[in-house]
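Each of the two complexes below includes chain A, the first together with chain B, the second together with chain C.
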Partner chain A sequence: MKAHWWKALGIILVLYSIVMGFLGKVPALWVLHETIRNLYFHVTMWFAMMTLLTISLGYSIAYLRGFKREYDVIATEAANVAMMFGAVGIVTGMAWANFTWGEPWPNDPKLNGVAVGMIAYIAYFILRASIDEQSKRGRIAAVYNIFAYVMFMVFVNALPRMADDSMHPGQAGNPGFGGYDLDSGMRAVFYPAVIGWILMGVWLVNVRKRMRELEFKFLQNELD
Partner chain B sequence: MFKQTISLIQKEFVMEFRQKYALGAIVLYAVSTVFICYLSFHTIDSKTTWNALFWVIELFAATNAVSKSFGGESKEVQLYTYTLASPGAVILSKIIYNILLTIALTLVTILVYSTLIGNQVVEMSLFLGTAVLGASGFAAVLTMVSAIASRTNGNLALMAILSIPLLMPILIIVIKLSSMAVSGMLLEDPTNYLIALGSLNIVTAALGYLLFPYLWHD
Partner chain C sequence: MLYKRFLALVLSVFASAIAMAQDAAADKPQMADAFRADGKIYVVVTVLSLVFVGLAVYLVMIDRKISKLEKQAGIKK
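For the complex of A and B:
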């Protein structure tokens, strides 16, 4: 039980953010109105995604230093789960954009950046699938993963800040979302929600990694 | 290390001039693409279209030029090179050679493109600077992707899938800069973008240098 407390914490925090996200008090804002509640669900997805991609990068670097098969599995699965968070983030963002910006896919540098960034990670999975030998696959995929991460960060975090036509907060000279529409009541829900979703993501990676280990053991037994 | 890099670059040049058909094929690819565009457009009035078309041609010409840099070598030649030089020297020499090749190709493309379809550029020096920096960025990314693609099961089709998402940040900055140069409306200072482009190139080349040692041995 001792080792599993963080999973319970993740469940509690996510449940708390869902309940408080729909029932809690939010400031009455112009244009945004009640859709500001989507902050708890949309923005948290990106925080979880970035964290998981960083974990994936860390394990890719670790793999290149020691060539332990386990690290390669974690790097892949972290990228996998990150893509799931990214897909949910895009869907929640499209719903939000439809209500506040008038269309589900406005021509915004952040949106286009995320779309291309996710294509880079899909290319990473295609690259993995095209190499049969396990150790070679791990090495080459790790190298590509490091490249994809750097380009993804340039795309999602650096370019929209330089662009002059982004509608996202914190970009193109817009104030960050903490600046004007995040009061203390919302902070009390938002930050726990971020931590909760990150923990859920790590848990998902953990489960998927164990699944892959079992598959690996099963295949080895078949061979013996 | 430095000497190795220099002599490897020399080797690349000698190889290229011994088999002129490869060089010819690259230039022919770029020129005939421009010619197809000329036949279908004749002249382009819209500056946005002019700009977009140029960079699409440039992107595929560069991909075509660089893709052979690792894929074109036989396994035996690669093994022989690796016994003689350090992997860092190999990748640096390839990146530098491909940068020179891509810049030359870009200049030829600009020349043919602006002769046939018409020159719409107002700020020529900014446009040329962007083209040179953009071409070196393309070359650095594509060299590394070509190294990655050559390690897969001989599948060069992967090259396009792997490189386009990685080229996109460079492409976006480049298009931004060159649309400034084409329209002549410098509403904001282009130096920030030029610096961003240059630092992206340096980061890519440095990553290539650091990561290539993990790629080359089986």
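For the complex of A and C:
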């Protein structure tokens, strides 16, 4: 009996964040008004994405120690699902920015950093697709994945923090989370939402990985 | 003459008090309090919850389908 409880937990936590995200009390803030609730839906996408990228990195490193094919599949699919969350994060962020900052793509270091970081991962998929031989592809892609991860984190989490013109919280000497701008009522929704979306992401990776294994098995049988 | 001045003073005090009251009201960020008080927001919450539950159920079905295929392929018994 395989444990499915964490999948149910993911659904329950996200559902909780949808209900409490609309009905819960939020502080009245200038510029943001009710859109502060987007924190539960937009920011959680990035938290889920970065968690999945970290999982991808972990499996790439694990692959390099022993070259177990399964680890390569998990690393790829984790990066794949992470890109999906990133795409949703960008689109939701553009919608939010349009109504609060006045334009969908203000020249904000965080936005430009994310664009560069995601291109680094697109290069990862192109690199994979261009190598036919499986073990060679796995090795080169795993090494590149370490690079891509470092680049992403530098462009998204380090450089915008040093720039002094970013509007995102946690930049230019602003405290991020844990500072004054997230009250306890919002924390009670935000953190469960983050965990819920991470679990949903891991579930998607799990499904995609098993699909790949089936495909592999199918192709193997065809060759035999 | 005097009472006219007095009236003007009283009126101006009232006017400024009303103006200040309006300023105070305008001084708070606008929030959708009425929308929540009227209960209409529950409709939105219900719709969004149904959308998410629908997608979740779909994912459960995909998960089960893959489990079935895994059994057939002999990956898992």
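Everything below uses one rule, namely that the second predicted complex is superposed on the first by the 220 of 224 C-alpha atoms of A that agree within 3 Å, B and C clash if a C-alpha of one lies under 4 Å from a C-alpha of the other, contacts with A are read in each partner's own complex, and residues count from 1 in each chain.
Following the convention adopted for this analysis, contacts are C-beta pairs under 8 Å (C-beta built on N, C-alpha and C of every residue); 3 or more make two chains touch, one makes a residue touch a chain.
Just so it is clear, the model here is predicted, and its values are computed rather than measured.
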Should A:Asp132 be classified as contacting the first partner (chain B), the second (chain C), both, or neither? first
Return first, second, both or neither, reflecting whether A:Ala158 touches chain B, chain C, both chains, or no partner chain. first
What is the contact status of A:Arg210 with respect to chain B (first) and chain C (second): first, second, both, or neither? second
Where does A:Leu64 make contact in the superposed view: on chain B (first), on chain C (second), on both, or on neither? first
Mind working out whether A:Ala3 is in touch with chain B, chain C, both or neither, as first, second, both or neither? neither
With the two complexes superposed on chain A, say which partner A:Leu223 touches: chain B (first), chain C (second), both, or neither. neither
Tell me which partner A:Ala120 touches in the superposition: chain B (first), chain C (second), both or neither. first
Taking the superposition as given, does A:Tyr144 touch the first partner, chain B, the second, chain C, both, or neither? first
So which bits of chain A does chain B touch that chain C touches too? none
Seen from chain B, its contact residues with chain A in the complex are 144, 148, 151-153, 155, 158, 161-162, 164-166, 168-169, 172-173, 188, 192-193, 196, 200, 203-204, 207, 211, 214-215, 218
Spell out the residues on chain A that touch chain C in their complex, using ranges where they run on. 7, 11, 14-15, 18-19, 22-23, 28-34, 203-204, 206-207, 210-211, 213-214, 217-218
Listed in rising order, the residues of chain C that touch chain A in the complex are 28-32, 36, 41-42, 44-45, 48-49, 52-53, 56, 59-60, 62-63, 66, 69-70, 73-75
Note which residues of chain A are touching chain B in the complex, please. 64, 109, 116-117, 119-120, 123, 126-127, 130-132, 136, 139-140, 142-144, 146-148, 150-151, 154-155, 158-159, 162, 164
